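Paired with chain B in one complex and with chain C in the other, chain A is shared by the two complexes that follow.
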Partner chain A sequence: MDENNPLVVFAAKTSSVRQILSLLKCIGFIPKAQVQISSEGVRVTVEDSRVMQAHAFLDKNLFSEYSFNSPKRNPLLNLAGHDAEDIEVDDEEDLDSTISFGISLSALLECLQIFGADSSFRERERWGQGGFSTMEHGGIPENQLAKPTGTCDFIYRGEGHTLDLILEEHEVSTSCQLTTYEFEPQGEIPLARDSLAQKIIMKADWLYDAIQELDGSSPDRLTMAVSPRHPFFSLSSAGPMGSTSVEFSNDRSLLETFQVPVAVQNTYKFGLIKHAARAMAIATKVSIRGDNLGVLSLQFMIDHDGKTSFVDFRYMPFENEDSDD
Partner chain B sequence: MRFKTSIKNISVLTKLTSCLSSIGKLAWLKLDEDEIRFTLMPEASVQVFATLAQDTIFDDYRIASANENVINLEVPLLVLLRALRSCASASDATLRLTKRASDNSPILCLTITTSSNSSISSGSTLVTQEIPVRVLSGASVDGIREPMCPEPDVHVILPPLAHIRSVTERFNKLSLGSSPSRVSNGGDGSRLILSANMAGQFKMRLVNDAVKVESLWKGLNNPNMEQAPQSTGDRPQDEFAKVTVDGKEWGKVLKVGGLAKKVIACKFPVCARVRYNGC
Partner chain C sequence: MSTLYFVLTASAAQRIHDSLVCLSKFSEYICFEARRNRLTLSALNSTKSAYGAVTHSSTRFFEEYRFVAGDRGVGVDSEGSRFTCRLYSKALLAAFRHRYTDTKNGRTAIEKCEVSFEDDPSRPECRLLVKLICRHGVLKTYKLTYEEVDLMAPVFDRDLARNRWTISSRLMTEYMVHFGPKAEQFDISSDNGRASFTSFTEKVMEGREILKMAMHTNIALDTSDFELWDVEDKIHIAVSLKDIKAIVTHAGSLNAPISTFYSDPGRPLQLAYEHDGVKCEFTLMTMADVRASQTFAAITRVESRPVAERVARGNSAFTASIRRREPSRPQSQSQSQSQIQQGLPDDEPLFRGPTPSLSSIPTLSSLTSSLQVRPNAPAQPTQMRPPSPPSLQASLSQIPASRPMTQGLFLPLDSDDDSDDDLAKRLDDWDETSLRWDSGGNRGAMPSISVVRDQVAPQMRDQSESEGEDEVVGPTQQVSQVCLFFSEFCVVGSG
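This part shows the complex of A and B:
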């Protein structure tokens, strides 16, 4: 491997670190993540117990500058720097326009928060100081303090290199070099989009409230039942402290979309559903889809300053309670 | 041995005590005619020396002892802090060294007068707080000296401490999160490398398996120090001098900055010193 590969595979710049941070925090329940970079954006995936996956997609519109030069697309680079092994891998993988690697998500989150450390401190100080807002902050005028003006650069130089973050704000710059690990392909949990058994779109808040309600009895499993007739959509759980059930009626104001041809019931591990709680709390809408094998997809739409991002959670059902049997 | 004073600046003394108590539990308090000095030498690697002119916080200050009017006390900081906190609304507070009537043990006695002017009652309330202390003989503390430091390589006024502190907390979390095994093995999971130069730059760096992080502050001041005139000699201005510190201890030191307006860090070949000026 050419250690001094001068060609930057991926470079992006953003001034909206907060958005990226809040998206990544949604899937921050597992310390290690897989990253896939394409010309459309950055996809970060985590997996728990091989029965759930969560993806956060950082669309390129979250970045003010975004450039991706796939090393696999660039024949010159293949000739110059890559050995035969790399090319072989290319042939095996169909995804010739993405690059992938593993990364410590917990470290990435902490790094992105170093950035916020400054502005949050200043905010605190401003509130705390009350009338003394004229206090000097190293000579930076007050109006500039109001909004963070910092930027964050992401740079990846290719396989075997670190993912570099350069956070710049006022007089401080922080550089983070995150070790990248070999990509561990995880085989996506497939959702059969052409044989959907249910599709429900509702406010994410309400799903959050329902899950919170059920969480009170510290259950082990969550049963999701949908039906074209009453009770339409119900979430229920049974745990050592008793059982709870939340039902949603099919009201346009409640369930924006409700497409359920036949009654279906599936059971999922409650703890894994709870992983999505953070996304439920900050998202505006959630699309709950399930296919005929019981695979559940929770897709959250998260709005930030007019930009919409998506975080997607996929779940495998418990097999013994599969309603298709 | 006599010591009696009224405290005119309770808030400074309270803040100072609060800062010191985050570093250690016991302090050596040396009182003489001009100065009061707190010295902390806890087990850990941080030592604190805080010297104040007595008239910055005290008024009507009277001291007398057989040992050239110097009194050395060992003071439990948390007890002192609790006592001082109760004077927050006091109109008058006095501190004197005396003996507890019951067992003759030495105490610092803090007498707090609070005058209330409410419609129900007018007059004043008197509260007395007793802080048990140990009187140290001059000989026993003779050996404790502020370390002699060579001329600093680099001295720089640090950026706002709360900011460095929050970054330090992130660094400490980073080192915890990614190498739990190392923490449990050696307890030194968090080694931060601090460096600075005479071109107004200060760096904090952490290296572990998952990540290498470095924060760089620019545009800081390199103050003129009396004992170290700008004769940095052959040392290039932008050359960094570095020290390695324990992240947790460094975090504690930064807490002490609650009182300070200006903080000067000096780097020496073998030791580092953080100096706080101003109250």
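This part shows the complex of A and C:
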């Protein structure tokens, strides 16, 4: 570790590569991402067609060591060469500074995956030695993939530098240098939190099931209707072969929270909603919020070994003449 | 206005899913046929060479089953009213997708599935309504567009199928593992009392006479594994491997023994199995003569003897059970001789006489040039659905053609718009059909084409109820149809 290198802006170490990989995979549907690093964690953002955005937030508790040393706020500290961890804990905590850069998300995922693929391959070999033919174990069981693997170091030395990843496992160390790009600021899709038209919290699994159900007829658009009366919450789509709808009744066991003052209906592009399918599949809960303009936020709570992370998707609706303003 | 309403349990809905997966391998459309006492899902492939039907008993399969026949678009036959329509298999598979066993994390498992058809003339659109009622008050609703159609189904008379065997689907599934995904054809034969299954491929590379997949896989099985094995030696029946695989997988899901019935090459083969209120029948056209296929012959080192052209008499006596062994014609003999000289000049003497070996190649080598089994079965009154009246039996006739080609289980008799589409589709699919008869260039001597004419088609049924009329009208229509489709190379010769 070269934490004491004065140029290091961000250095972190984690043994939860799996968790980070699965969080990033949730938003891996777009190859290029914007990264914002703050003292609280790393925020990775992608956007599609300017009508949807997805954020994965890697909280600093996912890292066993986390040091962020903002070059803007503390130029002197860089020169002084303090222990980065001390800085983070003592001085940096309240400062609202971030560093940002663009990165190839697909390349980042691939780097993190090298690690995973390698370990799972080894697992498979072990299986083979147990008297079974390796041929019979083409698919790797889920629990093997989830096993903790080695550690990963992230190092970023500031603007113009690469993001370095050093993956270590079983005395094998792999280092990857990822080119960083200039940060492209993307206006965040605004969700008017004080004028929410709907707030529903439910098991993400059920939303996933509903989306899969609708996906069967490969529709173009998804209509989300909420109403204080029956049918309380429905997702529907229509296509040339017919129409499909999934309705959820307002059952406590189904909809944990259901706050809908008036009936609202909005339409979104199905393909973009489907981008969130991976998050739906692995998340425990989802919070579905919509404001009075129809902006939709899907916030997924993902649990990994007692650590909770969030992935957030925002959508703009199709313009709808019927919608109440 | 006819209405159909039925309720399925979660496991029955899963069965429907399995059936749809199998049938969708044959066609992009799945046909529904509802009757008072049963519901049939069926599929006929685009070349009309394979047909599958899964019949569900109204009392044993469904929780609840109600069918009220209306008067519009409903065919009436000896069994009473029926309602027929077709849907896109993709749409149906979306509604009946594989989900019912997945209860991970208490996901909304299906409690019951209600399906209703409403054939209401006052509404502009036809809809099949599938309501999946799930736990925790989740309701999934599918409204699928359907189209009313008249169904065509081949008839098959099992009494005339001399060859039959039955095997448990579990064993058959195990055997099918040996046959790779790229092979196209599946040959069934009996060799010295052993069952022999062979996969082979007829496809040639574009523009070159090179086999794309010059591999045969053969397994020889002891017939004691079969529940029944009553097959004449040396009869080779070849059907599409893809079809067989789909059927075997489906039979495996029902865990029902598969029974197979067939007579001769070039005649339909039927696979049937039944389990717990679900009855499945698949009728597949077989290749006219496997041995006439040069690639098959060359690789298995079986002497290929082209079948002599023959003109069958239209509907003579029921001679299907009589087998004749005829000396082949001189010119075809010389041709097959030349094939051998081209292909395997040194090996020829080795393959005289049966070789009771277990290895793949010699199992087929017992077909020798001196023995040309050529069963002559010009006419077969065939019947597939047991309740059909005898007047609906199909007649078979043979028409000589000047090139091998895919052939349907029957030719369409209806002259509505659909047939044009079918024709266009057939022509489009000409090079893409899953059944290929002979692309090996054995142009000179052709196997004859046999055609099973569908006489269950509703229009026919309505118009002519007498057997005699069918016999008179049948061959004439058939030949004209054939000529319509294949006018460049059709020689009219039946009758």
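We adopt the following convention: the second predicted complex is superposed on the first by the 276 of 325 C-alpha atoms of A that agree within 3 Å, B and C clash if a C-alpha of one lies under 4 Å from a C-alpha of the other, contacts with A are read in each partner's own complex, and residues count from 1 in each chain.
The definition used in the following text is that contacts are C-beta pairs under 8 Å (C-beta built on N, C-alpha and C of every residue); 3 or more make two chains touch, one makes a residue touch a chain.
All values derive from a computational prediction rather than experimental measurement.
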| item | value |
| --- | --- |
| Chain B versus chain C as contact partner of A:206, first or second or both or neither | second |
| Touched partner set for A:216, first chain B, second chain C, both or neither | second |
| Touching partner for A:97 - first (chain B), second (chain C), both, neither | neither |
| Touching partner for A:31 - first (chain B), second (chain C), both, neither | first |
| Contacts of A:257 with chain B and chain C, given as first, second, both or neither | neither |
| Chain B versus chain C as contact partner of A:49, first or second or both or neither | neither |
| Partner chain(s) touched by A:246 [first = chain B, second = chain C, both, neither] | second |
| Touched partner set for A:61, first chain B, second chain C, both or neither | neither |
| In the complex with chain B, residue positions of chain A that touch it | 31, 104, 106-107, 110-111, 113-114, 117-118, 120-121, 124-125, 137-138, 162, 171-179 |
| Interfacial residue positions of chain B with respect to chain A in the complex | 159-160, 162-163, 166-167, 169-171, 173-174, 177-178, 209-220 |
| Residues of chain A touching chain C in the complex | 203, 205-206, 209-210, 212-213, 216-217, 231, 240-249, 251, 253-254 |
| In the complex, chain C residues that touch chain A | 88, 90-91, 93-95, 97, 99, 104-105, 107-108, 127-128, 136-145 |
